[in-house]
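Order as written gives the chain letters A, B, C and D; numbering starts at 1 within each chain.
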């Protein structure tokens, strides 16, 4: 059965998901779109194969019977409203990160979903769908390297736009590493510190790089390097250290070139190049889950936990001190 | 627009393509199937989302107005008939390798397509769609390593079934390397030799491995190692040697594991694991080309050239001598 | 000219250096040996090509005119006495780490050497002579990766003996990483913290692994993972992160083996296998420097700095807090 | 005991061996030198630590009681005379390749050595002392990859001097690969072919690259790529293909650098950089063998076999045909 999807927000990421749903993946159609800019919504709707309805706002789109499931790609502060409306309507909703902009808002979503009694929400942490991260998770779960004691995570960008702040290094950048840490280690964060290495002069006044340290409930220690002006490429690395071995993301590219006295592989240019395959898998599995009533990926709880840990990390960045993290009880729905 | 595809032959590969067309890729529907075993065809048709017609034979399927384009996955000896019928009907046809079982049959297909005046046929050489091979081709075409002088190609299988013959090491196995050589070097084969290394005892009486040498019209030399009982994995490697550098398929996997005194990556188990992504891209691009009237991939000429070179290689295997390869004039349609 | 060397201490490391000086390297002879166990000294002396004098104690050996230069490999608490005696005698002295067991003792050595007015002391930090570390240092110094902002250093041992304590993870193990950090970054440590990841159960009660964080005067942040029960091998890794790139120790071995579904390289078994070449280069350059009056390697100041930083790290391990590091003024002799 | 070495020929390689014997390795002294250019010999002798006698010719040097063992680094055509003289004198002789310039001359050396009744001659095939090749040999001999069926050997030089001929690609370049093939596979060559890939335009008129195929007595097939104008570096690679796995020389350098969108390792610039360590080990083991009466490395038989196979390869290059190789019976002395 074709899943009819309504998309709220047709900025860069919204457009890309529409392209994906209509020209790359099987089993979905885009039947409705909306955006704060209705002209933009109309333009996008015109380009959808078979056409799509333009709704004047998200609530209307969610309520449309021609929409089976909702994708939220609008501005972060609007996420809570649309996710809650989708839950109210009993429709599956894929929400790009962040789930909501405050812990309290995330909590309200959790409460609504728990009250509904069934999972409807998936949050856009696409790294869990990347082939290399999945292979890493496979090794960790196999027990082949023993119980994890540490995780080294590296997140490098060639550059960032001018409005990027040091807090965004946590809330926009490291938040992916935080989610990956919780998922790979199947554990929650209980404390966080942020250290400030020598400033990269290429970032001007920006406090960059950062070195973020997470203590997990089970004792494992996670370190996250964010380095967002490093020029040489978009480089995502990770190593899980176990009691008897380790597993790392590979560092080689698909080919190897020998010229000019070097044997070399390319480093990806940006997150699109690095994770395009992960986005495809993420959405294919989401469509399949919607269509078949199957299991969803990253949950409201994951979105909430990311928000709480990010907030604590921002506080730790400001204070220079260790900040404790308390998530409270996890509802059974998410176990 | 959705492309309605009819599939002739629902064996393992046919079933896999139907799964791909209906549950993985966008823009296609399977509207008709047939098979020499009509019960099998019916069973497959029943599983197709939205259902598919079962036709009593390939000709009938091709003639059905509900079929826009044809996929031929039946037994090799039937390929010629179905491809010619599709050309007769003016419908795009994707034919799994081989295009046909004899050079003469391939020639007849070329003649029919040339008479039709427009390309309709694509042959299933999926390596051209593999991300690593495409990156290799990109480096070669960039001129970064200078004009190619050699190509080393390695094709290893852990094991082969009991009915596998030494000729199949050429016609079923090395034929992929032959196609890749022609494509990477953008050149034709003019001579071939086959050398016989020490026999691998794990293959019993089979003449395995083989070392196949192709001379290209432009002078480049290609060597192909086939090793089909090597146990350790399915390992496809290649290096283009240019005047000032070389480019190779990478040998690393997506992750790297450190345990038991080794740092290691996995070798794929079989061709499915290695090339599943290539099949997806191959079919997505074919559907897009059918839908948009765009350019097709490997042509009848490529299928014909593979047949002629394979035949010469089999003769060289038997005789122990160099065998000249003559393809004749390439019709303008394929330039 | 042959350099006549006297060796104090003929335990495992002393014996190995005697083997190196007499059967591997050019330009040296071992003319005197002593040990707290004189029988052992005699036995070793008997095995030296050409024979060597056995001295009843270190002072006597140092005073012997047949000894041009001294190697101190005795028990750590005796180092200060012998190094001071060598300085008193105006003879070059190679002292295995530690230079001395307290900061104060190291200071006394510095004072004596400064009073002597010329460098005589070299401390056994052999990593600075390893080919890979030297290549790393070359890239850092070239400016190719920009100013360093971070250094990730990893020190893994398969196992440690029963008497190994958590403090030794700093004073015996991480002390090499501390020296490497100072050398690679050409900078001094100003603060240190020690974090405790989840305990590796294979180490019993031992607090292992540790994660040591060094702040450098110039702002660079260094993290050192010590993991001394990790079973899979002796694995030394490091990555200098610069403003525009990074440089890492390579992770591959000299060969690559494909079998059993893996492509793999060996990890060294122990420090001997990993650093045997570095020891050879270290001593060859020391002999050459003694013979030619050339420049020595790691200095008393380096030995002192390692002691001060190690002491601070031990304090940080006990307190859980950041500990400031103050080295005081560096005498001009060491600039 | 110090081994007193006499060196015949003080060109580039002779000087380098004298440097090695006097300033790098233990256990040797250079007591005599000679050269066709006696002034050059005198100059070199003056630089030897402790001084060395200058002899007016090789015979005189060999006859000097102050010379225990002889190193022959003179012009190839003189090798036979000096090696025979050393055997006559009963002194160990290390002869740089080639052992002699004709098969017949090699045979005369073998006859003389067999008549003498004990091995005295070692030929300078230094690759057998390279750490990576030794690790490769270790895997092959362990049986871990099964019986070898193929060997791929690659020999690339950035450029060659103007007097370099296509025959030298065999006699000077590939001769190392030929020796390695015989050693790694513990087998003899029985047939050879030479194929000519597209000519590299950077080599002007030179027939380059070549692709040399060796058939081993046990059936294994060896292919050797020589490419001597490939600009990008000095690149030596090799893969032994066994029945159940393969073993290859590693392709990574000691470090890995990430900058300018690449992750890269250096390729060595020339044979000195790549094999300097192998020369050191080669001579250390030779000195040890001379001093202790131990076993020598590559023998007169190896030098002879290399000559016979090279001659056959040159004939095959000229004729374009397969040329059979017959070595005759191997004397028991070399088994």
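In the analysis below, contacts are C-beta pairs under 8 Å (C-beta built on N, C-alpha and C of every residue); 3 or more make two chains touch, one makes a residue touch a chain.
This one's a predicted model, so the numbers in the text were calculated from it and none came from an experiment.
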item: Set of chains adjacent to chain A and to chain B; value: C, D
item: Pair joined by the larger number of C-beta contacts - A-C, B-C; value: A-C
item: Whole-Å separation of chain centres (CA-atom averages), chain A against chain C; value: 44
item: Distance from the mean Cα position of chain C to that of chain B, given in whole angstrom; value: 58
item: Touching two or more other chains - residue numbers and ranges from chain C; value: 231-232, 244-246, 251-253, 256, 258-260, 265-266
item: Contacting residues of chain A [partner chain D, same complex]; value: 231-233, 235, 251-253, 256, 258-267, 269
item: Residues of chain C that touch chain A when the two form their complex; value: 146-150, 152, 195-202, 209, 211, 213, 216, 218-221, 223, 225, 227, 229-232, 241, 243-246
item: Chain A residues within the chain B interface of the complex; value: 1, 21-28, 49, 131-132, 135-136, 139, 144-145, 244-260, 265-266, 277, 284, 288
